[in-house]
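Below you'll find the structures, each written out as C-alpha cells.
Both complexes shown next keep subunit A, but they swap its partner, so subunit B is in the first and subunit C is in the second.
And now, the complex of A and B:
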C-alpha cells in the first residue's frame, strides 16, 4: 500500500510517496517558482524515485488547509484529478495537524501558525500525550502579536511552527522566555507528515469524496464582520465605506 | 508627491517607460483614473520596458494577469469585485504582502482598506472631456518608497 501525499498550503511545495512503515521518497522545496509550475513534475519525480507506478498507488493524501488560497487549490485540484482518474481514495489532512505531527515531543505545547495575511494567522495548538497527538486548542484566526503574547502567559514550554513563524516572527518579534521557534527544517509543512497521517486515516477507512472535498478556508464569521460594521470606532474598518 | 503633465498618449506612455526603468522589485503600484484615462496604456508601456513581450490587457474579467519580464509582474484589476471577501478568493494578499516581482493594481480605490501598507499611487486625471491632456500624480503611501519617489521625481524631470 503506497500512497502519494501533497502539501502546497504554503510557499513550500512538498510531495512524498510512502507506505505504512517507510517514507519512500520526498521532494520538498521552497523557491520562487509557483506550485502550478512545480507540482506535477515533482509528483512524477517522487514516483520515479520511489519506483512506484502511479497505477500502483492505493491512495492520495492532501494537506487541505488552512493556508494559501491559491496553493491549496492547486494541490487539491491535482490530488482530486489523480484520485478520480486512478480510482483510488482521497483523504484530506489538516495542514496544522500535519505540522504538529513533525515534532513528537511530549511536555510542550506545539503552536502551529499559518499565515492568514494582514498580520493574522490561523492558529491551532497540540500536545503529545501517551504517544498520541492531542488537540489542545482548536483553530481560530488571531493577530500574530496577540498569539505570541498569549504564548508567554502559558505555564508550559511552547514551540512555534508554520509559515507565519518564518515570515512574520523569526527575527521580527521578541519571543517570551518559554517560547521558541522550531528549527527551519521542522517549521514548514512537509508531505512526509501528511503521508503518515493520511496512511492512518485510510487504514481506518476514512476517505473524502473527490467531488466535494474542499480546502479549509477559515474566515471571520458574519457576526464578527457585522459587529465591526456597527462599531466602527472600536474596530478598524475592513470594508470600504461605499458598500451597502 | 510630484506631478507630471502629458499632452498625448505617447507622452503618457513615455512617462510609464521612465517609471519602468526605475521601479524596483517588490514594489506595489496602484493605478487610479477614470475609464479611458490611460491606465492600461500606462501598464502596457511599463510592462514593455520591463521586458514583457506578449499582450498586456487589463484583467477586468480574469482579475489577475501574470507577465514574465526581467521579473514577474502581477497585474490586478479590481473593477469587477464587489466585496472584500472576493479578494481572499483570488489570493490577493498573498501577492501584495511582501510582494515578489512587481504588482500593479487597477481600481485600488474600490478597496482602500485592503491595500498594503506601502505602495506607490499613480493617479491619472483627464483634463477635459475629449482632451488628451493628463495630469499624473505620483505619491508614496507608507515609509518604504519615500526615497524611491524622490529618485523617480528627479529622473522624470531631469532624465538622470
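And now, the complex of A and C:
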C-alpha cells in the first residue's frame, strides 16, 4: 500500500510518498514559485525518488484545509484528477490536525494556527493522551493577538504551530511564559504527517468522494457575507460551523 | 503504431470565468461531447461574477463535468491522447482549478498537455461551426474583456491588426446595463432592449474611426452614455432605456463593423468570422451579415453554445496547436492577463 500525500494549504509546498510504517520520500519547500507551477513536477519527483510508479499508488491523501483558498484548490484539483485517472481512493485530512500530528508530545496543548488574513487565524488545539491525538478545542476564527493572550491564561504548557506563527508571531509578539513556538522545521505543514494520517484513514475504510469533495474553508466568501449584511431579510440562517 | 491525426482524441477543460466545461474532440473538428456547467444564476444576485465564488464552484463541478463529458462521448479516459486546458486570460483562481486538474490528468495518463489561450479558442470555435473553413480569414474577437481584429493566416500564424486600448466592448455593455438597473449578464439585456428602441435617438461618440487604425477604445463611449443617463436623471426625466440601449449599441456596432471590413479589405481576405462571448449579440451579427452581403464577403459566426465559454473550442485550438508542437510542460501556470499576440 503506497500513498501520495499533498499539502498546499499554506506557502509551503509539500508532497510525500509513504507506505505503512515508512516514509519513502518527501519534498517540502517554501520557495518563490507558486503551487500551481511546482506541484505536479514535485509529485513526479517524489514518486521517482521513492521508486514508486504512479500506477502502483493505492491512495491519495490531501490536506484539505483550512488554509489559503487558492492553495487548497490547486492541491485538491490535482488530487481529485489523479484519484479519478488512477482509480484510487482519495481521503481528505485536516490541515490543522496534520500539524499537531508532527509533535507527539504528551502533557502540552498543541495550538495550531493557520493564517486567516487581516490579523486572524483559524485555530484548533490538540493534546496527546494515551498515545492518541485528541481534539482539545474545535476550530474557530479569532484574532491572533487574542489567541496568544488566551494561551497565557491556560493552566498548561502551550506549543504554537502553523503558518500564522511563522508569519505573525515569531519575533513580532511577546509570548506568555507558558507559551512557546515550535521549532521552525516542525512549525509548518508537511505532507509526511498528511500521509501517515491518510494511511490510517484509508486502513479504517474512510474515503472521500472525488465528485463532490470541497476544501474546508470555514469562512464564506466576502461577497456573500457582504450581500447578507445588505439583504438581512433574505439571508438564510447561518450553517453551524463545519465539522472537522 | 502511431494514430492517424484525424483519430486523435483530445480532452479539453475550460474554467476561465463562470462556466466549468469539458469536451472530447476526435481529430480537430468532431465534437464527441461538450459539457458546460454554467454558474450564471449563482452570480446574478451579486450583479457580476464574484471570483472567489466562481472558484469554489469550479472545484466542486470539475470532476462531475469531466466524468459526464467522457460518458457522453462514450470514451474511456485511458483512450484520451492529449489534454488541452485554458491557461488564460481569465480569473486567476478559476483558471487554476482547470489548469491543476488538467496537469494532473495529463501526468496520470502519461499524455501530453496543451496550454491554450482562451481568446484563440474563441476564434477556433468557428472551425467547429463551419467544417469547411480554412485559413486565411479575418477574425473579429469581441468578448467580455477583449476586442481585437486578428488576421488568421494559418492555424498557427496570427497577425494582430489591432486591439482595445482601454475598455473592451463587453465591459462597456456590462457597465451600462448595471447603471440602467438591468440584471447580470447585461449584454443580452441591452441587445434585447435595443430592438425596441431608436438607434438614432441619441448621438453617442465613436472613437478612433480614422482609416487604417484598427485599435479600439470604448471608454469614451461608456463615459458619454453614463453622463447622458446622469444628466437625464438630474433633469428628472424618465430614462428611455430602449433608446439609450439602441443608440449605445449602434455606436459600438458601427465601430466594429467599420474596422472589421477595412481590415478584411487591407489584408485581402474573403472571409470574416466573429468570435467571443459578445458574438451572440444579434444586432452586431445582423449588421455584419448585411455589410458582408453588400461586399461579397463570406461571414461566419459560431452557434450560441460555441460562442459562450466552452471546452470544445479549447480542444479545437489545442488540437491544431499540438500539430505544430505547441505542448506545455507540468510547470504550466495560469496567466490571467494573457493577450492575443502575433504568432
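Basically, the second predicted complex is superposed on the first by the 219 of 244 C-alpha atoms of A that agree within 3 Å, B and C clash if a C-alpha of one lies under 4 Å from a C-alpha of the other, contacts with A are read in each partner's own complex, and residues count from 1 in each chain.
Throughout what follows, contacts are C-beta pairs under 8 Å (C-beta built on N, C-alpha and C of every residue); 3 or more make two chains touch, one makes a residue touch a chain.
Please read all numbers here as calculations on a predicted model, not as lab measurements.
Of the two partner chains, subunit C is the only one that A:44 touches; subunit B does not reach it. In the superposition on chain A, contact is made by A:167 with subunit B only, not with subunit C.
Judged by the touch definition given at the top, the superposed model places A:68 against subunit B, while subunit C stays out of reach. More residues of subunit A lie in contact with C than with the other chain of the pair subunit B and subunit C. By the document's definition of touching, neither partner reaches A:177: not subunit B, not subunit C.
Legend: residue contacts after superposition of the two complexes on their common chain; A:32 is shown touching subunit B, with no touch to subunit C. When the two structures are aligned on the shared chain, A:118 is found in touch with subunit B, with no touch to subunit C. In the superposition on chain A, A:233 makes contact with neither subunit B nor subunit C.
In the superposition on chain A, A:85 makes contact with subunit C only, while subunit B stays out of contact range. Residues common to the contacts of subunit A with subunit B and with subunit C across the two structures: 69-70, 217. For subunit B in complex with subunit A, the residues that touch the partner chain are 83-85, 88-91, 93-94, 97-98, 100, 110-114.
Those residues of subunit C that touch subunit A in the complex are listed here as 45-46, 50, 52-53, 55-56, 58-60, 62-64, 66-67, 77, 92-93, 96-105, 107-109, 330-334.
Contacts from subunit A toward subunit B in the complex involve residues 32, 68-70, 117-118, 167, 217, 219, 236-240, 243. Considering their complex, residues 34, 36-41, 43-44, 54, 69-70, 73-82, 84-86, 210-212, 214-215, 217, 221-224, 227 of subunit A touch subunit C.
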